[in-house]
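Questions regarding the structure given below will be posed in turn.
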């Protein structure tokens, strides 16, 4: 089954990934039913979320599509059901299934984008800090220290709160998602930066870099090719787990009322709205978005957990 | 500051040890907290209402909402027609033991009418006051004015000595560096004494054993707890953690009615919910403002399905309104109360005729802690307006955030609920909302309109002492408001209170103000 | 050691100065203090005078220095909304949050440590698998959903526990405690559980990982070989070894718990600092926001520094700063 590849003198990123695919990580994945289940679930959620505009009966963000006459219809297995509202409707006549799928899309996009942003910023700053050292390193790492000395959720709330207090209403609607992405990314790049910096510091002391510096050759490429593969494993694990965390953070912010506005609800916003009707017999408004949110985060975390165990030889 | 805490702490400990014997504690779960302990620091009905348990006015409303003597025993209008002489009640003391005198009245009126007082609009005709003797005060007005007593029901009287000692003679003004002693301390003459207060958490009132009046209640203590979440309020009521709420969510009424330990008290509030339009040259987007055209306002009016909102959002508990005041308010006539026809096609035609572009963007400013189900009916209306081709941008936030935007004209279309308090007369909305902005008039004229013929009618009513003639003028003025669709009325909102079985009697008032000095708890034990 | 102490303290001071700068920038530039303070009738003249009196025309450095000097003395100004000294507001609310966090921490240790040991010792047993699965569910459930579910189950359906507030409190000096009355303790149960779910799984996972590592260590194998009873080896020798990281984690997480309490406090209407902060956010009450940020960060930084120092004291190798580069 396992092919023995000739180990190249320089492990490039691509080779490394190839090796990963051929290695026992893939085997470990296939032999972990929970990982397969989680991956399947996540793919299903992502597919339905991104196909939402084509498969849902309603665009829940289009105010003109909401019909108050059709409000508070219970799910389809109930007597008062009404097609096509499979999971019922909320108090504005918004189809819950459509809202959940559109909401999942927002949650996934915000989660993914914020991790990506934090990853890019973290890698770049970490490399710079490790490579240049000196005052650049100092500044970057001290900024990181400061960010880490404030609780994650607090920074995110402050950023969104200040943004929404200082932006006009029209702009606020358009920028709601980018602000959230930014707010969640800001406190989380430090972790990546620290990891990369440590590798970069080790690498920067090596002779070839010193030599490259001496003869003023751009050693960036060499650096990248050597450092990134070395710290890819912890970074991938961290990024996966942070993806789950980012989705949770977005939901929390929206639940607290500083996230997505009620006319373009994410899962957290839907839960916040539904929470008001907990005792009115309209349980479906709060229950379905909650289930969806938990499923998404659960599957991401299961993949992250598996990845960590699979890549950590000590625990195998 | 330290002393205050020590006092509070000892008081609390004393109260704790005292809870051993059976006490009638009314646990009041409100939907929000009072803004302050200073009734003059916020022009807010709820804060003034709650503090009315601690502070009193010269006159007050009785159980039938008729005006009766309170701190003043009698009054007369002097010969010049603009000076009122009040004889004050003897033997009244403040909670700190100081006697109530004419000095206190003058100091309080000076404070409330001060230039920086947010409440000065509640006493529009006041010019000056002076002490005649220890228990007699003269109040001079700027002209003949029929509604002074109505105004005075809500002007609470402070202790002059206490204010002087604590540097609280002026209204609290953080900007001017005036210390807000009265914002977290209280000393009135009313039936209850403030025992402790933690903003947004709990305010405790204990009965005033030395109250000058015969108590009609049997409460020993009131604990006011703000419970913002409607669902939590219901849960707390069902589990008996609170014994009274003045805001039972309409969507949860069936459940509360079905609960064996809860009684629901329902009525229709006097508060009329309206939508206001901007009359400035441009919208917040910088575009030309089409709402100055009456036909555009009419288009928006006709696009609102009032019945649908009544049925779905207000759950059949509201009363659809054609007039900007409720039927019991003097000045109301049935002719003012005709409902518009719901006709979105006509709306589209009107918009096209007025040349309003498809997809016109404007802000729609609503409160998250304002009227009954405000967020929901605002969303519903925004959806109805989108369907005639407009793009309303819904902006929902707490009152404290929205108020500055509204008063400074930094928004477009907005909601407003008006219960004609404290006057209980149609002169109140006419002067405060529909009159052009001018001194004490038009304080709530946020759209910035000006109709000279309307102003003339309101001014005439404001100095007319004959009731019939005055009401005729006011009805005529309200007719102009209706014809011009300056603001469009939606409904009188439902009022739903709920009490647990601990409460034997809780009189419901159409002005939606709990008056707990009439409440009875059922302590047969 | 003294050099290290000085270095860590200086570092902490630097971080606090930076946090103060951030708080000051928020305070000064978002939401003009003058606009927030004056009422609508204020004239342009009033505003100019107020600006001058508040010292808003001074240079940035002067204003920042003044802000820090005041903050060190506990003076964060007056809340725009409550018109009350911010420090007094926060001081009144601190006990509620502290007791909530304290009980949540105790729960996380009492539940998390045994669960961690079980999953490590009885690896692959059914109980361990169930615990493992519930731990991953635990980190995936948003704490506000947990709170809502708990209210739905225990307050609404069963009616056993209160859904909001602190119950009856007793004042001891300025500290108001809910731990001394039955209603206060009942009110604490649901919020504390909801706040601790995440922390329980964190402790459990840490204990499991440490235990697995320790159980493989030579001296444990040696003890076993010597005939020390297995249970004794596992619970006494091995567990004792992994308590230090648990204590560290708990110390460092307290700051996070205080911050996360704001979600729990919102769900349960718990009158703590977090709810004060959320209210301040909705009402754009900048002085309260700035003060909360500084106070929570201060607690955070102090705890982290203490943990670092303790560690260095226990393990002198860590005094070398390069060892931290990997952390």
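By letter and in written order, the chains are A, B and C; residue numbering begins at 1 in each of them.
Keep this in mind: contacts are C-beta pairs under 8 Å (C-beta built on N, C-alpha and C of every residue); 3 or more make two chains touch, one makes a residue touch a chain.
Remember, predicted model here, so these are calculated numbers, not experimental data.
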Work out the mean Cα position per chain and let me know which chain is farthest from chain C. B
Using CA atom means as chain centres, which chain is nearest the centre of all the protein shown? C
Averaging C-alpha coordinates per chain, one finds the centres of chain A and chain B separated by a number of Å equal to 46
Using mean C-alpha positions as chain centres, tell me how far chain A is from chain C in Å, no decimals. 24
Centroid spacing, where centroids are CA-atom means, of chain B and chain C in whole angstrom: 40
If you look at chain C, which of its residues touch at least two other chains? 151, 156, 282, 284
Among the residues of chain B, pick out those that touch two or more other chains and give their numbers. 229, 235, 238, 401
Residues of chain A that touch two or more other chains: which are they? 165, 275, 278-279
Okay, in this complex, where on chain C does chain B touch? 34-35, 37-42, 46, 50, 53, 78, 80-85, 88-89, 92-93, 151, 155-156, 159, 162-166, 168, 170-171, 173-174, 176, 269, 271, 275-276, 279, 282-284
Across the complex, what residues on chain C touch chain A? 11, 14-16, 18-19, 22, 26, 30-31, 136-137, 139-145, 148, 151-152, 156, 209, 212-213, 255-256, 258-260, 262-263, 266, 277-278, 281-282, 284, 289, 293, 296-297, 300-301, 304, 325-327
Using the touch definition up top, name the residues of chain B that touch chain A in the complex. 229-231, 234-235, 238, 249, 251-252, 254-255, 284-285, 305, 308-309, 312-313, 361, 363, 375-376, 379-380, 382-383, 386-387, 392-396, 401, 411
Under the stated contact criterion, what part of chain A meets chain B in this complex? 62-64, 66, 68-69, 71-72, 91-92, 165, 168-170, 173, 261-263, 275-282
Using the touch definition from the top, list the residues of chain B that touch chain C in their complex. 1, 5, 8-9, 12-13, 16, 19, 35-36, 41, 115-116, 118, 172-177, 180, 183-184, 198-202, 225, 227-229, 232, 235-236, 238-239, 241, 397-398, 400-401, 404, 407-408
